[in-house]
Amino acid sequence: MQGGLSYTREFTAGFTASLCVFFLVMAFVSYGYALQDSLGPGPGFFPFWLGLLGAAISATLVVQSWRGLLVLEGEESKWPDRTGAIRTIVLLAGIAIAAAILEPLGFRITAFAFTVTMLLALGVRRLVIIVVFGLVSGFGLFHVFYYWLKVPLPIGAMGL
Amino acid sequence: MDSLAHLMAGFSAAMTPAYLTYALIGCIFGTLIGVLPGLGPAAGTAILIPITFKLDPTGAIIMLAAIYYGAMYGGTITSVLLNVPGEAASVITCLDGHQMAKQGRGGTALGIAAIGSFVGGLFATVALVLVAPPLAKFALTFGPPEYFALMVFGLCLVSGLAGKSLAAAMVMTAFGLIISLIGIDPVRGAPRFTFSVPELYDGLGVVPVVMGLFGIAEILITAEQRSRDMIRTSFKGLFPSRAEWRRSWGAIARGTGIGFFLGLIPGIGAIVPTFMSYIVEKRVSKTPEEFGNGAIEGVAGPETANNAYANAAMVPFLTLGIPSSPTIAVLMGAFIINGLTPGPFLFQERPDLVWTVIASFFIGNVMLLVLNLPLVGLWAKILEVPFKYLAVGVLLFCIMGAYSLKQSPFDVWVMLGFGVLGYLFRKVNLPVAPLVLGLILGPAIETSLRTSLEMSAGDFGILAERPLCLGLLIASALVLAASALSLAPRALREGEAEV
Amino acid sequence: MKTLFNRMLAATGALLLAGTAAAQDFPSRQVELMVAYPAGGSTDIGARIVASVAEKIMGQPMVVVNKGGAGGQVGWTDMASRKSDGYFIGYINLPATNTVILDPERKASFGIDAFTPIINQVLDPGLVWVRADSPYKSFKDLMEAAKKQPGTIRAATTGILSDDHLAILMAEEAVPGATFRLVHLKGGAEQFKEIMAGNVDVAFDNVGSVVNRIRSGEARGLIVMDTERSKFLPDVETTVELGYKTVVSNSTRGIAGPAGIPAPVVAKLADILGKAMADPDHIKKMEGAGLALKIMKGDEYKKYYAATHARAKQLMDWAKSRPQ
């Protein structure tokens, strides 16, 4: 697994390096807020020092991971195979699209579309189940929450 | 023993069929609400306030309190089974509870959580009855400087959450702390790090963040695996082994103490006692390496602490009228709408009402246990639903839950973003719990320091002049020193280790 | 004979009919009533009481939606961006809404014209109060002490730039040389706790939040900042009767919508909500909660909104002009 190990090592080092950059950016932005105030620490004080501290510690993590010390054992460290990766990406895309269309198209349509597409993406093929699931989640859930429990759920442009 | 006589009267008043029914409905509704991620006790209680308009004040309050406790247990159910914390306090339960569920012992986890919650709640209510007024005075000794010191102390305990790498835990804590500062600052009331995004003025919500970090990340990690091992929940798996029982009792006892004392301090937030209980259990355990992999004390302790805290939080609420959490604030709203103001006045004016409500706390705790314990096996079976259906359902509920917090799709985006982050964190083995601790304690630390300085007109000496505050700060320093010392040899070894 | 003029006439007529038809139809589904604060606070309580009565009058659900955060800024920012069809309305809290708009640091994305005021519900007068055993027996005592030892008396507000904060500024303006040490807390419950614990010396809040504590004897009301005595606290003097005519402070909670709601719909809403607020059940519940009603509709409310804005601006400018 030599190749797999170094792949993880590079990724970990890269990820912790991005963390380091993030902390530096936050420290930089905080410097623009006042560090001192008439009463003591100003709005920029805590984030500035936290940013510097975080950058310093994550720098040590970059070193540690480059030397291979921050490696997982077990299932989770392995990168997914093609089908697994596709599944994950599809789920993410599904949530993102749902978030985007939730208010314009309304809850019922969003929930129905989300349920149907996700079920298909995860490999369900029985059309009856898909449609029933979709209707229950889109319309059934809406009815329970909007009408009975008075949870305000979005109604979109088309009245759904 | 005046209180005891009052309590007896309260019991006889509370045991009417009507009130018992309200308590039952409240427990059931509450559990269902708690099971829905994001909806949480506060939203759930708020939603059900209109229903309580139709009841008499005592009945309304009994039902709302039952909903509150029920919702907390419902949150435990999703944390254990699905790794989805409904609110910040359930986060700790995810750590070991979900691992237990993956090992087929979900029923055990839920069972011990129910039992621990019951014991914790019972003791807290008993203590409330016996010593409410003097306890109220204790609550008052905590002013802004003491809060600051207590939160700092809580933060220093994060080293107890560190696995192999203290640096990793510290980075994650710093990350949580720094993103907690996004939003309007308590100093000038001006926005920080909001980059003109109006939804960020109130900061990243804790609930969407933890739902993403734990729930969404878990689904993503599971999705990418070739096939998920079917989780078999055997009947034997429902009961803890004898050894586990023994370990749990200690955790339950300690959790009760921790939860109770912290519950007396108004406004602490349920996350502090649950984190503290977890850390204490890890410290006293003979097998600390089990924590994070399904140690039963990691569920028993925090769940007990959580419920003891919730029951004890009724002390500052009933005796002083100070709500300790948004949910209790809603409960207080219900009191006020019904023309009652919680506080010492109410104890004197309407002892019948107050003691009936307290009696119903007892009843509610018992009811929850009776309701949930037999259902534990049923709940655990949820995990046997094939992933492709379960994931879609859970995701849909998470989306709905995140949206319903503030009727904003932005919170769904936050949840998604932190879902991706949570996934990446797990790939590189960075611990997520310290992030949550930082996220929650950050604003509290900064605000309480700021308020303390307003009180003292900028004099830092106020922190040293108040004995309780000074004591807690010294304790924090000691804890930091101790963890540094104990982990130093390991860190040195890490530096030399070969992989 | 379809001249342009006739066509326009017909079109205008159709629009008007449609407008009034819309108003007649209105509401045909649930109406959302937003509160810019978390559930359980006094604005929220007032909202839930009025919503429960209004629902019955209009035959459609009225759902209270909590959008708390940033002292109300999150909720008002959201409301300003909503559709002006009348189905989303919410509470504006004066002068809090005004100060959010006026404070340049807040970078509010909405201005005074972003809202259509519909009807005001509550006017909660400002109140200065102390713990029952406090050495300050009257407002005069307090102001004299503040003058003798400027900047030492710890005065608590319920938030930066809240009406309480403005009230303190008013008091300092009226008694030159008197200054307080401001401690900004988060809400009435925290204020109560810190007063009881002795961490602050005096609190500026509103009658509704404190009335029950005064009745129970835990707190002493020093003065009510209004032109007339509060019917909940008839024994407490007012600033105006003592001669401090410029110290009039209160928090009003009223219902508004985003700018641009058609006039017939506004009228319908004002009508429904007005009837709800006049309902005896509503009045009884509000009184039990210590919330004083002051119903202002239409132009009266619009004028009040503008006046509050002007006074808030004047106070904020004055505070900035002082040497810090």
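Order of writing sets the chain letters: A, B and C. Residues in each chain are counted from 1.
Operating definition for what follows: a contact is a pair of C-beta atoms (placed from the backbone, for glycine too) under 8 Å apart; a residue touches a chain by one contact, two chains touch by 3 or more.
Here the structure is a predicted model, which means the values were calculated and not measured.
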| item | value |
| --- | --- |
| Chain at the geometric heart of the assembly (C-alpha centres) | B |
| Label of the chain whose CA centroid is most distant from the centroid of chain A | C |
| Centroid spacing, where centroids are CA-atom means, of chain A and chain B in whole angstrom | 23 |
| Distance from chain C to chain B - Cα centre to Cα centre, in angstrom | 33 |
| Mean-CA-position distance for chain C and chain A (Å) | 38 |
| Multi-partner residues of chain A (at least 2 other chains) | 38, 150, 152 |
| Chain C: positions in contact with at least two other chains | 65 |
| Chain B: positions in contact with at least two other chains | 43, 50, 188, 190, 407, 454, 457 |
| List of chain A residues in touch with chain B within their complex | 8, 11-12, 15-16, 19, 22-23, 26, 29-30, 33, 37-43, 46-47, 50-51, 53-54, 57-58, 60-61, 64-65, 67-72, 75-77, 80-81, 83-85, 87-88, 91-92, 94-96, 98-100, 102-103, 107, 111, 114-115, 118-119, 122-124, 133, 137, 141, 145, 149-154 |
| Chain A - residues contacting chain C, complex | 38, 146, 150, 152, 155 |
| Chain C-touching residues of chain B, taken from the complex the two chains share | 42-43, 45-46, 49-50, 53, 140-144, 183-184, 186, 188-191, 196, 198-199, 201-203, 266-267, 320-323, 326, 329-333, 336-339, 341, 343-345, 348-349, 406-408, 447, 451, 454-455, 457 |
| Residues of chain C defined as touching chain B within the complex | 38-42, 44-45, 48-49, 51-52, 64-71, 73-74, 77-78, 103, 105-107, 109, 151-152, 154, 160-161, 181-186, 189-190, 192-194, 196-197, 199-200, 212-213, 215-218, 285, 288-289 |
| Partner chain A, residues of chain B touching it in the complex | 39, 43, 47, 50, 165, 167-168, 170-171, 174-175, 177-178, 181, 185, 187-188, 190, 192-193, 216, 219-221, 223-226, 387-389, 391-393, 395-396, 399-400, 403-404, 407, 409, 412-413, 416, 419-420, 423-424, 426-429, 446, 449-450, 453-454, 457-458, 460, 494, 497, 499 |
